[in-house]
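These are the structures in question, set out in turn.
Two complexes come next, and they have one chain in common, chain A, joined by chain B in the first and chain C in the second.
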Partner chain A sequence: MKPVRTTTLREYAFKREKLNNRARSAGSLAFFFGPYFICFIMFFAFPLVLGLIMSMSSFTSNSVYPAEFVGFSNFKTVFTNPVMIKDFWSSVWYTIRFALIIVPLCIIIPLALAMLINLKPPGYKIFRACIYLPGIFPLTATGLILLRMFSYHNGFINALFDISVDWFGQTGTAWFMVGLFCIWGGIGGNFIIFCAGLENVDKSLYEASGIDGASPWKRFLYVTLPGIKPQLVMCIFTSLCGYMNLYGQNYILLSNTPDQDSVMTAVFRIQNMLLGSSRSYGYVAAMGIILGLIIAAISAVQMIATKERQGGNKRVSAFVDWKKSQ
Partner chain B sequence: MKLTKALCCALTGLLVPAFLSGCFGGGGNDNGGGNGNIPTGPLDDGDLVYDENDNIVYNGVELKMWSVTTGDDAVVQDSIIAKFNELYDGMIRVTTTHTSRYDLETLMNTTMQFDRANAPDVFFSHGSRAGEYVDKGWLLPIEPYMEKAGIAVDKDDYVEALLDASSVNGHLYGLPQDVHSAMVVYRADILEKNGLEVPSNYKELIATCEAAIDLAKAGNLWIRGENSSGIPATEWRKAPVSTAYEPFPMAYGDMWVHEFVGFTAAVQNGATFVAEDGKPAWNSDEAAEGLQVLRDFVMPSDNSENKYALTKEYGSEYDVGNAPLRMGNSIFKFLGPWEYAKDLTEYGRLLSDDGGADNIGTMTVSNLFAKDTTKEYANKIKGEGHAFMLMETVTSRTKQCAAMVFADWMVNNAGVEWAKRGHLPSLKSVENSSEYRDDPAYAQYISKWGSCDDYVVMPSTKYYSYVDKYFKDSVQQAMSSQFKNSAVKSILQQKYDDCVGYIDLYA
Partner chain C sequence: MFRRSWIGKNLSKIIAFVILLCVSLIFLLPLVYGVLGSVRTYTDLSGRPESLFPTSPAAFTWDGYKELFSKTKFVESHANEYFPIWNWLLNSLVVSLGGTLVYLLIASFAAYAFVFLDFKYSDKIFGLLIATMVIPGIVSTTPQLINMNMLGLYKSLLGLIVPSFGGVYGVYLIRQFFISIPKDLVENARMDGASNIGIFFKVVLPLGKSALFVQGLFGFMAAWNDVQWAQLIIGAAPRTTWTLAYGLKVISDNSEATESMTLAFASAVIAMIPIFIVYLVAQSKIIEGVANTGIKR
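Presenting the complex of A and B:
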């Protein structure tokens, strides 16, 4: 006869409580994390892996489902096919060049405006709202306003300055208009972030540096910038990612520009390649992956460049050690 | 750590089955490599029911049609379909969903891939696109079903180009309903007042326009129309000398130029669009000559027939709009014929004190861009034709036959009401019918748009989107000052190379 295993009341209560705790934790986890997890699977993980599969597949004209696994053949084509080199890679290059110009502008301008607002001049709240306002309008509406204002024959700007410039017809001016659109409609977000960042910079540091005789420029350089560094890094990162994926602005403003090849961004080109049947899907997916990797690489470089240097801490530690030893 | 592992497992567990079931042909539409589901022999009766006289019994058959028509066209089409529904009450009923041409194909694509149960039975779209639709596996060839429904297709009665456009490998995939293009509206009052003739060909058009420009330069061109100076629209005034008069404004972004005029200019000078293998054929000297005519209208050179620009350069402006003609600042404009009725109303009101709508006239673009009017192709107009297509998703034989009855009725009975919207009938018998010819609208304006036989449409090709898009891009560049230093032929050749590059890549 086997010995009967008995459980003390304490053990039973402990186990029961443990189970209850686990159930509560799992319930909380499911409640708070579940919706995000489902969305993550549906809208990120699934498309990403499906995109990878698509980029390694060929397609027929009558199905959006991959027909055959072709390995890295589509990637090879993107790098070697003359049409792809001419179209896709030139679009990537245009996008990178534009991002290199527009990202600094989309940091410097809102930062300058935020600093002015931070001085809290009379009516600064109205100015703050006005600066952010273009950002809350839909891209299409803002674009149409720009199209009207800069219209070749009936535009307010050409009439005001008595000039005759086809702003959206020539490649150079067309890109200028896209830049203007990006700045006008896009700086609001960065501006608000910088405003919040500047609010949190320790005011005593300004006073101390002022007493030490630091010039306004040096105060900006050694107090303001370090104080808003987290916001600055985030804004650079999001702006860079956003402008590397530029599409809507060019689509709205430049659909009628005759030299489409020179105003097409990478995402615009990818979108355009969906023309006709589904045969292009494999190449399009490969281009998407390549563009994603390029953006990731550029972002990595930017993150490394703006990373917190360890050297500074080392010096501080050395100073503290030295102070203690005195 | 445990949580991370659990999440990874869950992720893998969810994704792997999804990919395995979703990828590599699962759920795809396999119907023979995109050549259409062609019946190989006589059709069986399927679910057909016959009466004692061997006629098919249609008992409450519901047909769903997706149509590319929108706006006023949709209203007219619905009214014609309402007549059909009334006639076939209790037997066949057609419900129509209208979607813009810019959204329709995307919608159809998505539906045919993921929601085939809700695909329409009949697709009313542009017949020239049938080749691409067949390649996607969307359509059934209609002739076997017409035959089963007891309807004879008299191919001699149809305009040949329209039948060819809807045919793939000798099988007809769409029953052509009409053809339409851009046409010209002119200010008859301004021409008459200044002693100018209504032109009927390229040289006359230039002569008329340049005579008007010369008169304007000398301060002798009489114009009238809506203006902001408080002068009544009916009062004649001299065109200002300070601004160059533009008798025929046109913009490369203008839909009429974009969709029809560029192609027409090419075809009137002998160009063809599609080669035997379905690839583009417009990289020719003839097409270049046609586009050169348009370029000369905007940017005349020493070698051009016209010494003055007939239009100012509109650049990237989307549209010329109606204002220049309405204000009397121009004599001609391009327009879609489906908008002409609106113009008649508008000018009837604007010039009501002096002739009303009689002050404007309309004509086709026939011969207007042909350098040599003696050629047989000089009078051709590039148009687009609508056709009724039977969807591959329709499996009920009764529905298939009912769809054919509906298509046949529409083609034979839409007649003059549809033609008033600029959609000229595809059937010669309809065009020659007394009902059609006796309508006052026929004498007033429909007859001015020529016969269906004058029109050509893009021949069938599964590369339609590419052949069409890259040519339109060429038209845009040929008419743009940004490319004025590039020869038209080199623009065409570059676009051709790009177009063929993609076609070959996807092949």
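Presenting the complex of A and C:
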């Protein structure tokens, strides 16, 4: 009888401890992971689901709650309604067109500057800090300065060069100013990433290629570029996604441009519809999803195009690798 | 001989120096123009627009700042020139500092759970979180606004803060740092009978604080600079609920008509100072953070 009893006791104690441990670890899991989990559901997952529901609902004029399920008719309207085509799709096109011009510039210019920094001329750390500096400030502050600097009447630039260009008044120059703003206040991140990438390129490869008599251009193509490929891919990806979401620069610089329709980006259009009184939430939600799909599609094409051909690699893991690779 | 060879050897460095000097000056020019413009009279700014500096001692003035801090009371006849700047500063501080600190706590708790509390499906859940990072933010802008409306946070500062709490990137970044902490340290502490909360605050947090610092810096700057979400949430709220970055837009729009350029420049400088201080103090950390993690703004 005795041995049996001891085993039960031991088993009981063991079981008890296991249960206790499990309860304790469940408790700490709830304590540590719970807050974020709730926030993630409330402020990330739920809005996504809500967006899907909204894009398939109609709204009454004075409520933020979806009124009626209408299927895909909002999407259909966005694609077929002439006003939508004129307003939304033209702004999508402006956004893509601008991105196609600005993204290469936002790669080439910081790369060139980073290569100069990499030569380590005296004071290069100060130069690096100066070039990164404009991007850290609020867009409204730096934009306000640019607005005054390039102002038509008594602007610094017009007076300095003795010209009278209405920089923000015409569609063409207005977009030019947005581009200037994007380069001045936006290349800092790419620039720093390239600086770090160039620093890590294997120096012995340069020496070897120098001994082999490779021209500087060849050296750039076959040593430098492959050496910073992860940084390059990441910067192209983030810049492209970033400029597809272009809003602040246009909003801040171009509120007084007469032809507003011609300087509106897609996000600008969505933002305006949200701020307006029309309460067309169903359409706006649908537009957001459509624009999101376009951005996702562009970045997917870009991911495939710049990835080395390795069959069977999952897209998500490729994405994570980029994020990891400095 | 010696001289020529020195130049020859360093030619590329000299060229790089000259180009970088020019580029740096061009990049600094608007900032210098703005800062100096904030201490120039309107007559000087408009009369000698080609000058970067105050053209005479008489053209130097602190009036821009004085005026900015005197328009903090609502006057019916000058409703457009009502700039409660102390409220804006305080609101910006609450949103950026408060929001960032709370998110850091939530996110580092979650990161701790992922790394040190091997729970069931933790890898799968983390993979799912990472996968959501490819969803462009614009998809959830509209529903997030409605969500805030439903929660009663529309037109309130909390509506500016809480959406960032669901952010994935901070959790990801902090987790990457926590992974590099030797597991033995945590196991030893656990053997000694330390609770998870104790381990988190006494072992993990001190070792991973640089990750939190980097995430905090960028969170702070992003919140301080935000205009787009602020416009949606607090744009229709009374001016006392605005943030500084958003208020600047109104000052800017207002400045041309009212010839208050000095005041506008002064407000821009006020908005830039806190960020500049952060940059001065943590410059190397910020540059390191961009270089190592790819956060940009």
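Heads up, the rule we're going with is that the second predicted complex is superposed on the first by the 261 of 326 C-alpha atoms of A that agree within 3 Å, B and C clash if a C-alpha of one lies under 4 Å from a C-alpha of the other, contacts with A are read in each partner's own complex, and residues count from 1 in each chain.
We adopt the following convention: contacts are C-beta pairs under 8 Å (C-beta built on N, C-alpha and C of every residue); 3 or more make two chains touch, one makes a residue touch a chain.
Note that the coordinates shown come from a computational prediction; the quantities given were computed from them, not determined experimentally.
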**OP:** With the two complexes overlaid on their shared chain, look at chain A and say whether chain B and chain C clash or fit.
**Re:** clash
Original post:
Who contacts more of chain A, chain B or chain C?
Top reply: C
**OP:** In the overlay, answer first, second, both or neither for which of chain B and chain C A:Lys120 touches.
**Re:** second
**OP:** Could you tell me if A:Ala196 is touching chain B, chain C, both of them or neither one (first, second, both, neither)?
**Re:** second
**OP:** Determine, under the contact definition given at the top, whether A:Tyr36 touches first (chain B), second (chain C), both, or neither.
**Re:** second
**OP:** Kindly classify A:Leu50 by the partners it touches after superposition: chain B alone (first), chain C alone (second), both, or neither?
**Re:** both
**OP:** Quick one: classify A:Phe75 as touching chain B (first), chain C (second), both or neither.
**Re:** neither
Original post:
Touching A:Tyr243 in the superposition: chain B (first), chain C (second), both, neither?
Top reply: neither
**OP:** Give one of first, second, both or neither to describe whether A:Phe88 is in contact with chain B, with chain C, with both, or with none.
**Re:** neither
**OP:** Using the superposition on chain A described above, determine whether A:Phe98 touches chain B (first), chain C (second), both, or neither.
**Re:** neither
Original post:
Between chain B (first) and chain C (second), which, if any, makes contact with A:Asp259: first, second, both or neither?
Top reply: first
**OP:** In the superposed model, identify the part of chain C that clashes with chain B, out of 73-81, 127-135 or 163-171.
**Re:** 73-81
Subject >> Residues of chain A at both interfaces, chain B in one complex, chain C in the other >> reply: 29, 37, 41, 45-46, 50, 64-65, 151, 153-154, 256, 275
Subject >> Residues of chain C that touch chain A when the two form their complex >> reply: 12-14, 16-17, 19-21, 23-24, 27-28, 30-31, 33-34, 37, 45-47, 49-50, 52, 105-107, 109-110, 112-114, 117, 119, 127, 129-147, 149-150, 162-168, 171-172, 176, 195-197, 200, 221, 224-225, 227-228, 231-232, 235-236, 244-246, 248-249, 251-253, 255-256, 261, 264-265, 267-269, 271-272, 275-276, 279, 283, 286-287, 290-297
Original post:
Given the complex with chain C, which residues does chain A contribute to the contact?
Top reply: 25, 28-29, 31-33, 35-37, 39-48, 50-51, 54, 64-65, 113, 116-117, 119-124, 126-149, 151, 153-156, 158-160, 184, 188-190, 192-193, 195-196, 234, 238, 241-242, 244-245, 247-248, 251-252, 255-256, 266-267, 270-271, 274-275, 281, 284-285, 288-289, 291-292, 295-296, 299, 316, 319-320, 323-324, 326
Subject >> Of chain B, residues touching chain A in the complex >> reply: 3, 7, 10-11, 14-15, 18-19, 22-31, 33-34, 109, 113, 132, 135-137, 252-253, 312-318, 462-466, 469, 473, 476-477, 479-483, 498, 501-502, 505-507
**OP:** Spell out the residues on chain A that touch chain B in their complex, using ranges where they run on.
**Re:** 29, 37, 41, 45-46, 49-50, 53, 57, 60-69, 77, 81-84, 86-87, 151-154, 166-171, 174, 256-260, 273, 275-280, 283
